[in-house]
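In order of appearance the chains are A, B and C, and numbering begins at 1 in each one.
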Amino acid sequence: MTTTVARLHRIDPLGALVSAVGAASLLWLPFVVFKLNRILPGDAHSLMQVLPASAALACQVSLILIALVALGIADARVRLAAALVGVIVVAAAVASAANLLTPAGNRVVRVAPGSGFWVLLVALGLMATDAITRLRPRPRPAVRVLMLALFAAVAGAALAHGTFDNLSVMREYAVNAGRFAHEARQHVWLALGSLAAAIVVALPLGILCHRVPRLRGSVLGGLNVIQTIPAIALYGILMAPLGALAAAVPLAARLGIRGIGAAPAVLALFLYSLLPVVANTVAGLKRVSPAAVEAARGMGMTRWQILTGVELLLALPTILTGIRIVLVQNIGLVTVAALIGGGGLGVFVFQGIGQTAIDLVLLGAIPTVALAFSAAVLLDALIDTMNRTRQ
Amino acid sequence: MSRAATVLRLAALALLVTFLLTPASFAPLFAPLTQYGAPPIYDQGNLLTLALAQIATVCCATAASAVVAVGLGILVTRASGAQFLPLSRTLVNIGQTFPPVAVLAIAVPLVGFGLKPTLIALFCYGLLPIFENTISGLHGCPPAVIEAASGMGMSPTQRLLGVELPLAMPLILEGIRLSLVINVGTAAIGSTVGAKGLGEVIIAGLLSNNTAFILQGGLVTGLMAILLYEAMAAVERRLFRPALIE
Amino acid sequence: MISIDNLSKQYGSTTVVDRVSLDIERNSITVIVGTSGSGKSTLLRMINRLVEPSSGRVLIDGNDTAGEPAHLLRRRIGYAIQGNGLFPHRTVAENIATVPRLLGWDDTRLRARVLQLLTVFQLDPAEFAGKFPHQLSGGQQQRVGVARALAAEPAVLLMDEPFGALDPIIRAKAQDDLLDIQRRFATTIVLVTHDMDEAFRLGSRVAVMSRGRVLQYDRPAVLITRPADPFVSQMTGLADRAMRLLSLTTAGEAVIPGAAGGPVIAASASLRDALSELVWRGAESVAVVDADGAPLGRLTVAAILAHGRPG
């Protein structure tokens, strides 16, 4: 307690930044935007204008308290808790603003979160992220996964309960609910399927490159060239040969291989996935200490036993790092697949762009980011666990 | 670097330039890909103009990201900015989970359609690899070298400019190269929000089911990305050839 | 020359250097020796203010070093470290020219100095000036490191485990070279090491440090014959202290008049070497000659042994 008081005298620089940005966004940026329909430009409203006086006051007081924590309290746990409370306050405020602005039963008007809301959310997110990096001891992998699960559960419960139903993004969801589930599944399937295929090919290829150094340069160089081809271009380029294949081999066409659709997308993602996995397999195997291999040989292990029981096991964290890169990258790249009819959440993004309907863009973009972020947290936790048990 | 690779690169460059200058001469090659008498070569705009516009967009955005990212990287590796290092690392990590398309899509509501959202998305997305590599480059300087530099009486600025940045430069340039390549691809997608570029050609092809257009846009974009990457790599090799071959 | 006055360094609640006072003679090699964590490197780094003292002063020629900007102070003081810290992106010549350039020397003077140093350190300028550090052997890198530290003709040279990364044979050569260099440039050298043999071989005075304090600071022979502390005698080695003592005196210093037949030894050889020669040959006396081979006198077993005891 005494240390907390003592540190009150020192102003936290990041806290100052976060507080200033938050205050500015509350004062000068629109908290919500009210639109008569999904396309028309809307009217900006501040937090004070939409919420009843008492609610607005409560909201502001809690945000000021959070700013004070950000400015003066050093304890990372308190800072994290304050930031998370802030996220809940802001989310609740935007939800009730939407409820208040929407006339009962009206399904046409749109209430979208304004730039003020987003900036406030970013500021709070920054504060939370900073608090997490300051936590000592560093949260264990299981705790991090638990935190993510808790956050997902709270968000999921709020969505299921209909808290945000009057917000524009959820309006778009209500219209597209059936398609959303389908495209989300397709998105995950495309990302994971191409990853799985890539692992099956890349692991042996990586082992081969490790064993035959002469192969290494040309294989990695070739895969590097693939990486430099932009996704949209590679999808397009693959359409031609796959289309030709489908035309020439009816069986391929019956299996779903066509010039447009999922096939070129999966193939392109597969090709992109090869480099990180192969490169990290090679790097991981290279890092295995020769002494460990020598000892294994000395104990009479066969080459196969040495490979699976010693080398791959020791290289696993590095290989997993490659897989993490691929998974996060794939989840992002799948969005582009929508352009060639491959489906996935990118469908909403590009439809939204086409219709200048920002809410629809967000319906595709937000879940994509959430998916990629969760994948990163989960795999990082897995890699961390593995590294910890080794030490 | 092998001779064959150099020849291959020059051939690719020659092919790209020839195609962009006289696309019509390639019409017979693309004709088999079209159906119902559709035009084999993109006819709704000048390919050369589109390619140059895309390169200009990419270079502007990447230059801006390089300035900002290297500056930030220097800042958080100084003693005064060190407290922001873990946070900035985490932010970069989180930032990398944002797909380029999402960054592009999110920029649209903020600034509207056109070139601006593309520039913003390219700028933001370009920051990450450069920042990351600047930090690893500056952190990768051998401690003994830094210690010697201080011990000989270099001021912090002299040390930064004379020792740390030159040593970090190969990694920083690699980050810029990565940014360039990613940005060429993202810039093509920028056409969906109204930026001028070869994405127009691909999208026109997708909309009219004209494989020839898709292939033209895709191949030119891909070639540009690869050649930009190689050009920068060649410049780097020339600059750092003697010092840093281990 | 350098006077260290009641110098301390604390990190939080740990005291790394504890009220150390030392007077370092001009034109000599002073060695600070201690185990790892004894505070010896911190003490050295406080002399050129790579570490700022928590309390106490360092005076060079009577001037408090705290009185000038640290980076200007460091340009007047040579500094060489383990693993040499050569700039990998600069050539050997550029590395050596670092501090003179910082000081704004003109090109003619700079070039002449680089040439001189390369020659002194037995690195052919035509071959080595344009090379990069990674193209040199470990011993060559180490020599460039010392040459760089001496480039701006500093009166003081600080060395932190400068030979730590070298293998034993190259290290012995580097130590001999350092003694030559010290005499040639009349530099005041302060050297930190954990190796007692190195300390005895190089130091005209040796400070033994443990847990932040200097336990004893004296000539090597005194450390052996009159250790002030059990830790000092443990560091100097009880079992072979007589042999150590013998290795501190040269045949030239101990020579007695008279002629001897049989084995011959140079005046610069240590008594330890002379004794070894006698034992090996089974002789009772050895002739001592100077560098030109002219006889100076002789040494007997008894005369040598007399130097191997305190007193």
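The rule is short, and it goes like this: a contact is a pair of C-beta atoms (placed from the backbone, for glycine too) under 8 Å apart; a residue touches a chain by one contact, two chains touch by 3 or more.
Predicted, not measured: the structure shown is a model, and the values here were computed from it.
Student: Most central chain by CA mean?
Tutor: Of all chains shown, the one whose C-alpha centroid lies nearest the global centroid is B.
Student: Weigh A-B against B-C on C-beta contact pairs and write down the one with more.
Tutor: Counting C-beta pairs in contact for A-B and B-C gives the edge to A-B.
Student: Using mean CA coordinates as chain centres, what's the gap between chain A and chain C in Å?
Tutor: Between these chains, centre-to-centre, one finds 59 Å.
Student: Could you tell me the distance, in whole angstrom, between the mean C-alpha positions of chain A and chain B?
Tutor: That gives a centre separation of 22 Å.
Student: Taking the mean of the C-alpha atoms as each chain's centre, how many Å separate chain B from chain C?
Tutor: 53
Student: Within their complex, state which residues of chain A touch chain B.
Tutor: Residues of chain A touching chain B: 13-14, 115, 126, 129-130, 132-134, 225, 227-237, 239-240, 243, 259, 328, 331-333, 335-336, 339-340, 346, 349-350, 352-354, 356, 358, 361-362, 364-365, 368-369, 372-373, 375-376.
Student: Which bits of chain B are touching chain C when the two form their complex?
Tutor: Per the touch definition, chain B meets chain C at residues 142, 144-155, 158, 163, 166-167, 240, 242-246.
Student: Where on chain B is chain A touching in the complex?
Tutor: 33, 83-84, 86-87, 89-91, 93-94, 96-102, 105-106, 108-110, 113, 181, 184-186, 188-189, 192-193, 199, 202-203, 205-206, 211, 214-215, 217-219, 221-222, 225-226, 229
Student: Please give the residue numbers of chain C that touch chain B in the complex, ascending.
Tutor: Contacts found on chain C: 48, 50, 71-77, 79, 81-90, 98-99, 102, 132, 134, 145, 148-149, 158.
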